[in-house]
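Per-chain residue numbering starts at 1, and chain names A, B, C and D are given in the order in which the chains are listed.
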Amino acid sequence: MFVLVNLKAYPCDPIEIAEAVRDVSDASGVDIAVAPQTAHLSQVAETGVETWGQHVSPVEHGSHTGSTLAEAVADAGATGTMLNHSENRLKLADIDAGLAAAERVGLDTTVCANNPEQVGAVAALGPDAVAVEPPELIGTGTPVSKADPDIVTDAVAAAEAVDENISVFCGAGISTGEDLVSARELGAEGVLLASGVAKADDPIAALEDLVEPL
Amino acid sequence: MFVLVNLKAYPCDPIEIAEAVRDVSDASGVDIAVAPQTAHLSQVAETGVETWGQHVSPVEHGSHTGSTLAEAVADAGATGTMLNHSENRLKLADIDAGLAAAERVGLDTTVCANNPEQVGAVAALGPDAVAVEPPELIGTGTPVSKADPDIVTDAVAAAEAVDENISVFCGAGISTGEDLVSARELGAEGVLLASGVAKADDPIAALEDLVEPL
Amino acid sequence: MFVLVNLKAYPCDPIEIAEAVRDVSDASGVDIAVAPQTAHLSQVAETGVETWGQHVSPVEHGSHTGSTLAEAVADAGATGTMLNHSENRLKLADIDAGLAAAERVGLDTTVCANNPEQVGAVAALGPDAVAVEPPELIGTGTPVSKADPDIVTDAVAAAEAVDENISVFCGAGISTGEDLVSARELGAEGVLLASGVAKADDPIAALEDLVEPL
Amino acid sequence: MFVLVNLKAYPCDPIEIAEAVRDVSDASGVDIAVAPQTAHLSQVAETGVETWGQHVSPVEHGSHTGSTLAEAVADAGATGTMLNHSENRLKLADIDAGLAAAERVGLDTTVCANNPEQVGAVAALGPDAVAVEPPELIGTGTPVSKADPDIVTDAVAAAEAVDENISVFCGAGISTGEDLVSARELGAEGVLLASGVAKADDPIAALEDLVEPL
């Protein structure tokens, strides 16, 4: 199982969480990565944790003021990036070009989607992974694996129909080890989570609880 | 073959072109439609020509000032709509919601895409048709069927891999009957064209030339 | 006082409301206009009511599929247009270009803004009128003139500081004649309203109630 | 005079340029800052150079995946930020909220605009500085101060009419010391430049040439 901890724009200490993720990942053997704000990438990567971008722009080197250039994200130490998170929905053509940008510099890619149909659509663009996150469950504390398990199994089927090598993750409402096990049983190979760790009083305890059943 | 004449924001007389399209379609038996500006939809539809929207918004009835509501587009007499034209690229989630809006009111749907990968992606969202239009060829006068025939055959294959019932159209640089025949030989069931008719000195002659070999 | 009835994407009959607005405007002598969906513009304008667009695109004639060309909006019978409604926020450069488009074809222009600072900003671009509409009050039924009268007086001051000839309207929560009188007393020369008329069981009665104290 | 070197998404070494800027600024006494990619902010700031963001998002702490949070930009060592560059045009409401975000964390703000009218508009939102950059001159090597000096003097007048304390910068085509002197003579208190330094074979020489006449 792969666990991606998305720090969004939360008022957390990204270094403290990065160190917690690094330590729990090392101790448990579970693959856990952190996606901080772009401006925090290099400081987070210096902790040694697996570091992901929250987004890269669909551009190459050039006159693109205000962009998030894949080369700069990789240069700062990231090894993967999310694209098309429900809080940052992209044009279809920009998902395609964002994937090209990420692949150009060797970043792993996870493209988010609202529902199984959109999972099938983004799978056709050739990412490493897709993540299904029903927007209505984000931040609710009710895991998608419990609220609507068919969304996860349908997403797995939609991705497999396009390419068996694409991993499927799920997100929205995931916070406990039990949620991870449910997600795995439904065919997901990873989870995206955010507030469950980033807003936890004790991030280490939250992470340990998360990976305990694995 | 289906022919969709996109009037874009060209300085043409939409009624004159609509009447030419209607007459040539009736005389030739070829299915030809016109997509005018939204503000011209009802006047164009009154000519009796098959009328398409250039776009519908991904919304339902509600507080959406400035939107192009599918219900209003249908009410004005349109029977189909384009989505995601390269001059009006949409977010993936909005293509999905725009298709839902169009289907809600019975509009036929054609979703445009830049390349075969994006054709595969939009096909997964369940439109009636997809149209491949390489942006670099739009307005050039060099038809995609001649400049890069593999794009058309790859687009047909990409759509078929998702759903055999989805029609594939092609566009960009199409202006003559010969271009239509080439497109058909490559597997396209229709074409999108614009300036070749909308900017023609004699739209009727341009249309007759177009459908002559069919 | 100028009253602009914005039909948004509401599930109303635009012709029925247009006729009600025309009749109440004629009977009362109050200047009332209707802003329907773009696809309904020509049918609404045929009733003889003063007809406004909800938006025009920042473009000239050309390759702009899916745009709302000012020429087409004027051609359909509109004599004015809104820009930058809070449900359709525009880039600053596009407000500027949208105003140029509207002025090119003689459409009156009203640019919306959230607060007095933004009113000052849009006034600098030279519209005919600005409208202050605090987003948090839209659709609440609590009129801005009562909830936060300083916003209206500050907006009037901000516009006057730029150009005394720019009219200031206010919107959000306006539905009764009393609201109109309050708005006028605060210095507004017009109001924007929507659901109070568009969703009324009896639009004529709602309009008559609105203009009664004027 | 203030000089802001915008690295855009150029294929340059941001640390090498940051050190050159720091050294030339120290030696000459001219205030020169660098605006790198967000992902490079902390490494650039560590050189001791004055560091600016190319953009901040119009958001507060919260669920904003893929945003460029002002707090994170400041935390990485930036002391100022650009907003609304012509390559990253923003909605008017987002310029307003982006300024609020920047001010919340003490970042200096420079808002870009295409023309004097837009300079007047952004000045009304209360930034520390505005920068006029005619898009058609960006990257041309022809300085705005030579190609169209009235744009600079009109921009200065437009900003002063709103608030005398707002600095006016100019950009587009600036690359030599002579261009800086011309800009100053037209009333500009600073310049924005990019390729003239970022793409120079010898950034130190380019910077020394730039500040030599001051």
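The rule is short, and it goes like this: a residue touches a chain if its C-beta (ideal position, glycine included) is under 8 Å from a C-beta of that chain, and two chains touch if they have at least 3 such contacts.
If you want to know which protein each chain is, UniProt gives these names: A, B, C, D = Triosephosphate isomerase.
Quantities reported herein were computed from a predicted structural model and do not represent experimental measurements.
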Work out which chains are contact partners of both chain A (Triosephosphate isomerase) and chain D (Triosephosphate isomerase).
-> none
Quick one: which chains contact chain C (Triosephosphate isomerase) and chain D (Triosephosphate isomerase) both?
-> none
Any idea if chain B (Triosephosphate isomerase) and chain C (Triosephosphate isomerase) meet via the same residues, over half in common, or different ones?
-> same
Per the C-alpha means, the centres of chain A (Triosephosphate isomerase) and chain B (Triosephosphate isomerase) lie apart by a whole-Å value of 36
Cα-centroid distance, chain B (Triosephosphate isomerase) relative to chain D (Triosephosphate isomerase), in whole angstrom = 43
What whole-number Å value describes the gap between the mean CA coordinates of chain B (Triosephosphate isomerase) and chain C (Triosephosphate isomerase)?
-> 33
Would you mind listing the residues of chain C (Triosephosphate isomerase) that make contact with two or more other chains?
-> 86
Of all possible chain pairs, which ones touch?
-> A-B, A-D, B-C, C-D
Which bits of chain C (Triosephosphate isomerase) are touching chain D (Triosephosphate isomerase) when the two form their complex?
-> 84, 86, 89-96, 113-115, 117-118, 120-126, 158, 162
Residue positions on chain D (Triosephosphate isomerase) within touch of chain A (Triosephosphate isomerase) in the complex are 6, 8-11, 35-43, 53-55, 57, 59-69, 71-73, 75-76, 78, 82, 85-88, 138-139, 194-195
